[in-house]
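See structure below.
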Amino acid sequence: MAGFDVIRYGQAAREICDAGRFLYGRGWSPATSSNYSRRIDSNHLAITVSGRHKGRLAEQDVMVVDLTGKPVQSDCRPSAETLLHTVLYSDNEDLGAVLHTHSVKATVLSRLVPAGEHLVFEDYELQKAFAGVSTHEGRVEVPVFDNTQDIAALAADTRQWLADHPQQPGYLIRGHGLYTWGRDMAECLRHVEAFEFLFECELETMRVRG
Amino acid sequence: MAGFDVIRYGQAAREICDAGRFLYGRGWSPATSSNYSRRIDSNHLAITVSGRHKGRLAEQDVMVVDLTGKPVQSDCRPSAETLLHTVLYSDNEDLGAVLHTHSVKATVLSRLVPAGEHLVFEDYELQKAFAGVSTHEGRVEVPVFDNTQDIAALAADTRQWLADHPQQPGYLIRGHGLYTWGRDMAECLRHVEAFEFLFECELETMRVRG
Amino acid sequence: MAGFDVIRYGQAAREICDAGRFLYGRGWSPATSSNYSRRIDSNHLAITVSGRHKGRLAEQDVMVVDLTGKPVQSDCRPSAETLLHTVLYSDNEDLGAVLHTHSVKATVLSRLVPAGEHLVFEDYELQKAFAGVSTHEGRVEVPVFDNTQDIAALAADTRQWLADHPQQPGYLIRGHGLYTWGRDMAECLRHVEAFEFLFECELETMRVRG
Amino acid sequence: MAGFDVIRYGQAAREICDAGRFLYGRGWSPATSSNYSRRIDSNHLAITVSGRHKGRLAEQDVMVVDLTGKPVQSDCRPSAETLLHTVLYSDNEDLGAVLHTHSVKATVLSRLVPAGEHLVFEDYELQKAFAGVSTHEGRVEVPVFDNTQDIAALAADTRQWLADHPQQPGYLIRGHGLYTWGRDMAECLRHVEAFEFLFECELETMRVRG
């Protein structure tokens, strides 16, 4: 397989750096947590190097991997969770960006959902912010996967779930954070904002209702 | 009817873009939600094009509609909720701006108010921020309309309610957000700030009192 | 009585404008609420004109009044609460600045404290931020006055209370906000920050303890 | 013992000033609270002068002390809590920076933990942000020392505790705040962010669970 187009890599890297400044500024990627990726072509994606400060990303913090997660033209170590990104791109050729964030709200909610249950959003106008949703009358189900250091196993689990639920816009990992995706970076960022809004609505309601 | 004055359109559009930067920055218009309008003349208003990022509005994101909601000199699609704006301008010639925002607090409170009841503010000094209120000793009642995809029906309901309560400064739609208005953009923005302040006071009180 | 020094007025006005940008930015002076003052000399103070946006104050938004609250060399209308400022300056010649703010936390807490009781801070290290407090082992008592549109009566009440408690750094008005003061603007701003910190600590504790 | 390298002092001071702008901006060092230090060499550290505004630190707000806490080439008064810094540097030659912050969350949590108990973090992915932690499956224990004006006694207590628990990344003082440290300023700031994230997770969970 031939290499990747360096112009497209550069643009993907810039979009990732800009996303990082936004997400860190909101408090959703603290303390070098989180990882982000952007498709370059059918076999390559740009992804954040492991352990970098997400509010100060520059091009040297973004590397290229192929769809098996192997670094391409780089000695850097990609995010430990690279496989969670690559399975998403492998199974959906329209998917252009993946953001994994790590907010307080996502973390707390993911620990409060009982094992085996999903987080469910209903009757929120903002559900329409998710691609393909045109009414508040539907129901968005967000699965919560148990956290693990065995990323390959988790990647297989998420891949199976997505095959069964191709329209869902994201999932949570317990005590860990959110994965969401989109056709391009703008759509993916809109999904992060919508999820964070809905997480905060749910928590605020729980605070008040006790 | 003749066309609109393009200088006045340009000024209205700039005011809308500036309002968007402020409201998005506060977190009150996330994920391309919300819509804003500004009167141009007795038959035309400037209004946001459907689906745009509210923190990065530019002139191409603001179009003109007449008081029936029909686009004027534009092929863009206006906000799906345009009729909720036009009924306000039609019935009150002093009204110059309408802002529909979409905060977590407004969304959560609107879902907590029991069906058939209003949200009521009493004994808050900040009630004086609403036009025409000169004491904290009054009572501000905010109705909560059920959310619907039938905007024409909702427009008719809000119109009837406003005819009966001409002094009220805003209303909520359940799970959806706030509509408020003013003589000009500055007054309308002051109303948004006052509502958001009072929403947060009510929620904070509910959190503590349980 | 001779006029005031215009250079000192200009400096006082700039300090007030800068304070406004800070306090509005924190969300403590929303929707044209709040008023601020700075002593010019033994008989004059600079104070905000009524109804101005506190995040965008410029020199034309700051006027001069004498210690009876009468405008000096100005046709503007001073804040409706000017007398609450002047009684503080009249009785304490070392006092150089007064800030009245209007945060959600101050508003909510002031409504939760039972009638006739004070808000009390104990065992917080940050109590040392108040002028004259050198240990966390003391006790800061913050009275809560009932809100009223009769500012002259409220001014007399606060004056009496301060005569009896000369070391206290501030008071609340129910449903309305905080008054605090200092030798200069820097000390007064430090007091606002300390009060807001302590208000939030108290509310957070109440949220958790229920 | 010879003096310190002034170039290294200048760099340490700049890192402290930058840290202050960040920490104050987040609301974690309000009202002139907090103190920060950075190692210069085996016997000297740069530390904030007592009582300065942490969001506006400049080089004149950072002085040098030796490992006994005595000022070197300065007439300024170092932070009253200087000994809490020096015992950390004395016992760990790899330690390069110490940050004491003073957030609402740290203050409230430290008062809620029952006397004699520790705050414990378990099953949070973000525990991996602490140096030396490579899995979320461990357990981070944060002791809570009682607040006191006797800093020498508190310094001795913390020193003993650290000798017994050399891998722990920080501790709390009741009603007062957080102490954390790192090899360099970047690691130390990452620890502050991780602690604040975890404090907020714990409080949010307590709010919801009641």
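When the chains are written out, they are named A, B, C and D in that same order, and each has its own residue count from 1.
Everything below uses one rule, namely that a contact is a pair of C-beta atoms (placed from the backbone, for glycine too) under 8 Å apart; a residue touches a chain by one contact, two chains touch by 3 or more.
The UniProt protein names, listed by chain, are A, B, C, D = Methylthioribulose-1-phosphate dehydratase.
What you are looking at is a predicted structure, and each value in this text was computed from that prediction instead of being measured.
> If each hop has to land on a touching chain, what is the smallest number of hops from chain B to chain D?
Graph distance in the chain contact network comes out at 2.
> For copies chain A and chain B, work out whether under half or over half of the interface numbers are shared, and give different or same accordingly.
Mostly different residues form this interface, as fewer than half of the numbers used are common to both chains.
> When the Cα trace of chain B is superposed on that of chain C, what is the rotation angle, expressed as a multiple of 5 degrees?
90
> Please work out the Cα centroid separation of chain A and chain D, and write it as a whole number of Å.
That gives a centre separation of 33 Å.
> Report the inter-chain centroid distance for chain A and chain C in whole angstrom, where each centroid is the mean of the CA atoms.
So the centroids are 46 Å from each other.
> Enumerate the residues of chain A that touch no fewer than two other chains.
Within chain A, the residues that touch at least two other chains are 207, 210.
> Which two-chain combinations touch?
A-B, A-D, B-C, C-D
> Quick check on the complex: what are the chain A residues that touch chain D?
Residues 30-33, 53, 102, 104-105, 107-108, 111-112, 147, 149, 173-177, 203, 206-207, 210.
> Within the complex, which stretch of chain D touches chain A?
Checking each residue of chain D against chain A gives 123-126, 129, 135-137, 186, 190-191, 193-194, 196-197, 200-201, 204-205, 207-210.
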